[in-house]
Amino acid sequence: MELGQKIKCEADRTAGFGKAIAAMPGCERLGSCIQCGACSGACPLSIYMDQSPRQVIALVRGDFKKQALSCNTIWLCSSCYACTVQCPREIGITDIMYALKQCAMSERAYPAGLSIPILARQFVRMVVRRGRITETRLVMRFFLQTNWKAAISSWRLGLNLIRTRRFGIRQQHIKQHLELAAMLAQAKNANAGGSP
Amino acid sequence: MRYHYFPGCSLKGLGRAYDESLRPVMERLGVELAEIDDWNCCGATAYMSTDHCNACALGARNIAIAESSGPGDIVAPCNACYLALNKTRNCLAGDSATRAAVQKALAVAKLTYTGTAAVRHPLEVLVYDVGINVIKRNVVRPLKDLKIAPYYGCQLVRPHCSFDDQWNPTAMDRILTALGARVVDFPLKTRCCGGSLTGTAPEAGLRLTHIILGEAQRRGADLIATICPLCQFNLDSYHDQIARRWGPARIPAVYITQLMGMAFGLPTEQLGLKRNFLPADKLLAAT
Amino acid sequence: MDKPKIGFYWCASCGGCEEAIVDLAEDILRITAAVDLVFWPVALDFKKEDVLAMPNGSMAAVFINGAVRTSEQEEMASLLRAKSQFVIAFGACAQLGGIPGLANQFSRDSILNYVYDGAPTVVNEKHVRPSVRCEDNNRTLTLPEFRSVVRTLEQIVHVDYFLPGCPPTPRLITSAIDALLTGKLPPPGSVLAPDVALCDQCPRKKSKPEQIRFAAFKRPHLTSMDSDLCFLAQGVVCMGPATRGGCEALCPAANMPCTGCFGPTSRVHDQGAKMLSSLSAAVDAKESDQVDAVLAGIPDPVGTFYRYALPASLLRFSANIGSAAVKETL
Amino acid sequence: MSDMNWQPRIVAFFCSWCTYTAADLAGVSRFRYAPNVRIIRLMCSGRIDPQFVLCALADGADGVLIGGCHPGDCHYAEGNFKTFRRYRMILRLLADMGVAGDRVRLEWISASEGERVKTVINEMVERIRALGPLDIPGRFAACDSEILESADAIRLPQCKETHDVVPEVVHG
Amino acid sequence: MSNDESIRTGFYVCHCGHNISDVVDCTAVARYASTLAGVMVSRDYKYMCSSPGQELIRQDILEHKLNRVVVASCSPLLHEHTFRNAVAAGGLNPFLFQMVNIREHDAWVHADRAAATAKAQALVSAAIRRVALHKPLQATRAPIHPDVLVVGGGIAGIHAALTLANAGKKVYLVERQPSIGGHMAQFDKTFPTLDCAACILTPKMSAVRSHKNIVLWTYSEVAKVDGYVGNYTVTVRRKARYVDENLCVGCQECIDACVFKVPKFPDPFNLGMSMQKPIYIPFPQAVPQAAVIDPDRCIQLKTGKCKKTCVEACADRKAINLNQKEQLLEIKVGSIITATGFKLFDAKRLPEYGYGRYPDVMTTIELERLVSSSGPTGGELRLRSGKPPTAVGFILCVGSRDMRTNRWCSRTCCMHSMKLAQIVRERTGAQVTVFYIDIRAPGKGYEEFYDRSLQQGVQFVRGRVAEVSDCALSPDEAGKLVIRVEDTLAGFVRRVPLDLVVLAVGMEPQADAQEMRRILNMSCSAEGWFLEKHPKMAPVSTFTDGVFIAGCCQGPKDIPDSIAQAGAAAAEALALIDAGGIDQEPNTAYIRGEECSGCKSCISLCPYAAISFDAEKQKAVINPALCKGCGTCVASCPSGSIGQNLFEDQEVFEEINGVLDYV
């Protein structure tokens, strides 16, 4: 049995983290949280989360950056906004999840073995290059990078897509994709506060 | 009635049946959809997870192009696009720093965002601009005896829905009733289908899909009506995996526009119904 | 017209009540002249047969003194009740059970054991006990049955009037007989004495302070008592406040505190409880052990508060006797 | 031999200010306790005449519970002390009369001690249950059965029959 | 005392909705009662206390010529009055009535339906027997003295006194300390409005001083209370102040002139964080604005060997009187409002928090003085080291909600701490963390205040702090106070280093609450808070008529609640005064004149000296105006010659007999 220290000291905190998250768009009311747990109750995915959304808020507010970024919670968030509309303090919990994802993405702080962020990364790359998403190509790339066995085991889905003529082989792209890329480069991380 | 049309990537890919059915139905109802020139991906949830400002810039480009090409609102049939574009509008309206950054980025493409064009969902257009009576008048083959569970998905109504109730939206219910169908009382109308988690975290994602399918089955629905390409894909594509995990719940999911097309007597082959994995046999039989 | 027929009888008593008749002195002549004494075993030779021979209700009144303990006393009381128009309980024992009534603290067996074996002056090697029937030299000897408890007369037969006292004073006896002769009788069931407690008549009343607290209780035989001061003011238990007056305060006059022989007033059911209440409430202590220490000055509460009235009290007899009696009767 | 159906009968005398109020509080607080105790309200425990205690026993109570304010808290200054002194003497009297002291209990219970009412009553009931029936009326009857044959008119005095007034009643 | 008229009793059993009928078979009780002697009418009804229920009684009295009424319902302490009125409405003397308590004493405490019903029947039998002996009685009316005594000069006492005085009543306000103001005078600001405490309190204090209807006695205590509602005689001890407060103008020249050049004695108002001289004015806004001399510290008063520079300094005013003596003053009042307040929990009782051991662990009230502009530092918050704090922690529920100390919630600490947290953040910019168990913010504007605290960046960590220590396990903890706590919401144990730890100490009853309670003949809860007559229906009344309670002596509360209660207590007192008199329960004892032997046994037992000896008649007499109806004399009269209305011996005997009627 391996014993690890569970108690959290000052060293486990990242001063200013909570404040920085609260400064991100949609996250302004983070501080108002009364830890009622309405978000966790409303979340359809909380059954799979290692920290409930409420706990994530507590961690963020307490500057526990490492814990907040390493949980699966933010990645299991499917952006259904059930938490946000139920929050009695009108906290943009989904936006906080976005903010945490952004932070985790930029620092590659997400938990190892979690494939969800990889899809996001692939998605972004495709948008930057082509301006649009070709779903089948995105998914194939995703599976190849994360779990090629899953790609093979999805052969039936692939066959079905071919059968229903939805298997997009041709990569969609926009005409001004270079201009778009330039635009995105210009706007990257330009939002207020920046990524913490 | 002329609108800027933002189909979104899905409607050009997995969800093309939505696009295929939406266009003739809207045409029949006198709605003109002008596809936005060189539109780009809305950013969806993935982009928002990466970079807030870029996510806004993506949406803003589409809106700015639409705005520059003439007056009119934007119709975005995909729930995710609808939310992403609206979110962009809200961010740009409320956050001057982001707005300034985005305008600066748009300037690269010689575009300007004004925020004059509203982003609307076809459901809203159908119920409020076209009107239920007009829809009713166009019905030639009522969907009699079909029990349909209206499934709106989450991102249409949340977080800020302006045209329908957040907890119990009824726009689709009203259209279905106008089509002559029997609407099943379906409390999971706005519950999340699992989104992209069906692919990235099947255990979690498929469970959510299963809950919706299972409940529709329990309530005796013949069909599930959807208004979002991702929802439709999730509900239609994983019956085998779901059956393996939790038992069968084989209910076809079709787009509301396909149903409308059928009721309007449009040719079946024009409505993309063959693109369903699980064929909507009962629908085909009924009409 | 015939003179009214009068009888006297004694049950469990010391004989003092009989003496009280003699104490009427010259008055006795006046009375005997006015009545016809038809039954008085202690003074005149009457037998039970004589009474049996009388027609029912033929006597005007019978005065019965003494408590009731034996079957013979019960039988005689019943017999006299039948023969007489009025039955008058004469004296404390008949009215309340009296001193013999204190035996109600002990079971019949323990009394007999003490009297026939345990007492230091008794030698009884065979441990003989009196029995109701005994064969001896072809003769059958009988004794009345010794009942399990002492009873008041009224607990055996209906009583019309009560003459209180141990014994009743000559004045009370005379006035009772006069009332009987003149027919000026109070309501049936009355006690033929004033219904106000003794203090009312007590010569020491004036010396009793208004504020009284008992720091200790003293016993008369261990105390040199002031001959004018209220006994309670001296810390000596005096039953006067809880006892019916009418005795002319003879005991206090003789420098002895009242022991309660006239019984309670008509408003009180339990003389002892009332006196206990009054005395202990005024104990000058608050802590449990201090209170107990003061109350220890009354070593025998039953003997003190119920000296004459135990069989007439609410509890009548010890609960231990009750269970013994239950056992025997079953 | 004890009757299987026997239930302790306990008469309680509670002062209006403390213990009776505490019993009300026990009710408001829904504390459950044994139903064997019947409460009689008096203004002060100082009103408890020892005759009441003896009368209750003579009338068939198996135990008597007296409740008053805590020492020093009497609404009437010192009524409870007077009760306490009488109680100490009553215990001695009862001991001499063959009644176990446990059958009569004095408790100080303040208005706020609703829970204590429950505890005290339950304890009292259990104590009396352990002691068994006292049944003084039964003892009177058993004792008097020995004289039935010789008496022509036997009156078994009980406290109720010695009352001055037996109201004449017309039943409707 | 036999009645010529035949007894005609009406019996009513109340279901009390389902409160009674769920457990007691009310119809069976009514059926049983109908078989009892004298019962003419026997009914069960849903709500006897309702108007139709009362009307039922009235109608039956008229229709069935009832002359006795028995109602079996709730406690007589609750509704006896109601039903007596109903009986009176039927033209019957209201005391020909008896109430049976089958709710609080039966239905609510038993579950067994059969046993509860049998008990109800026995109690009913007792009442029906008893009521037959009842006799018509007349309630007596006692006059009310219009003056009122208010004990305690904190905000509650001040408000009550002013309310009464403004209504034109004469008020005696007695305060133990040399100045009125109480705890509120120590506060810097008040929540949730954050207005200056002194700014709202000081005008009220001056109003007390100048009000023509208020007699203000500070540095005084209530020593003794005799009498009863409407007619209390109160002895007030006025301690020697050694300064005539009528002559002193508060110029402080005496203080400057004191032979102690430097203040060297801990000043209690600032909790020992500043010093004062033997002659002092408690605090700048003190009322009365008069000096006071501490006899334990004044050299003259201790040794008689001082230059008396203070007397010199006072010169012609001659306000200082070193020969002043304690005075005992007797006043007559009709009612009393007790507003004696609370004491703070002694944080030393929880050694794990290090109060008294670590200089930078302090209580909320100490912090209150430190941030107050009139406090020892002029409002500047500094650590004992002199540095400003950068991280401040508040520990809530210190001494509250804890079985080891006090079980109750002190109600104000959450808000009080949040207020101080906001002030600390505002003044120092320090990081502030509040360690709480639950946040309780139920007042008007309080939740909003909580939200504001959150918005201002006050951190809230849910968890009861286990310990405060200065043992550093890492460099960033060195020189700090470290709190160990489970962050129950984040789900792990934390060590939190802080510069300053503030303990939100709870409220406790005053140390001498028991003594005060005895003096005023009130009841206390088990904890020691003064007990209200009814927690809902009579929250400021006590079980002693004419004695009311206000403020924290009744239980922890904040300023608005204290003031509201003080106003309510004043209103109750006014209602009593303006009623002009008070109906008294006619439960007085009386001597049966002819039967009394004059043994005097009763006289010394009466606590009210209501019994005297009539030397002429040689019998005792009871003054009904003085008799309070306890019945001690009745129980003690050796010859049974004292009766008591409502509680006659025979009535009780009937009741005893009745309750032993086992059906």
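Miscellaneous remarks
We call the chains A, B, C, D and E, going by the order they appear; numbering starts again at 1 in every chain.
What we mean here is this: a residue touches a chain if its C-beta (ideal position, glycine included) is under 8 Å from a C-beta of that chain, and two chains touch if they have at least 3 such contacts.
On a predicted model such as this, the values are computed, not experimentally measured, just so you know.
Path length between chain B and chain D in the chain contact graph, taken as the least number of steps between touching chains: 3.
Note on connectivity: the fewest chain-to-chain touch steps from chain A to chain D number 2.
Of all chains present, the one whose mean CA position sits nearest the global mean of protein CA atoms is E. In terms of the distance between Cα centroids, chain C is separated most widely from B. Judged by contacting C-beta pairs, the busier of the interfaces A-B and C-D is A-B.
The greatest centre-to-centre distance from chain D, using averaged C-alpha positions, is reached by B.
One finds 58 Å separating the Cα centroids of chain C and chain E.
Note on chain placement: the centre of chain A and the centre of chain C lie 105 Å apart, centres being C-alpha means. Taking each chain's centre as the average of its CA atoms, chain B and chain C sit 111 Å apart. In this assembly, the C-alpha centroid of chain A lies 58 Å from the C-alpha centroid of chain E.
Each of the following residues of chain E touches two or more other chains: 605, 632, 635-636, 649, 653. Shown for chain D are the residues that touch two or more other chains, namely 46, 49-51, 55, 82, 86, 159.
Working note: touching chain pairs come out as A-B, A-E, C-D, C-E, D-E. Considering their complex, residues 195-200, 205, 208-213, 240-242, 245, 264-265, 267-269, 274-275, 277-278, 281-282 of chain C touch chain E. Within the complex formed with chain E, the chain A residues making contact are 6-11, 19, 31-35, 51, 54-55, 58-59, 61-62, 64, 67, 89.
Those residues of chain E that touch chain D in the shared complex are 1-3, 6-8, 35, 37-41, 64, 75-78, 101, 103-112, 115-116, 118-119, 122-123, 126, 132-133, 517-518, 521, 523-526, 531, 543-544, 587, 605, 607-608, 628-632, 634-636, 644, 647, 649-650, 652-657, 659-660, 662.
On chain D, the positions that touch chain C within their shared complex are 46, 49-51, 53-55, 57-58, 71, 81-82, 84-86, 88-90, 92-93, 96-99, 134, 136, 138-140, 142-147, 150-157, 159, 162. Here chain B touches chain A in the complex through residues 9-10, 12-14, 16, 38-41, 43-54, 56-58, 61, 91, 95, 97-98, 101-102, 104-106, 108-109, 154-155, 158-159, 166, 191-192, 194-197, 199-201, 203-205, 208, 211, 237, 240, 274-277, going by the rule given at the top.
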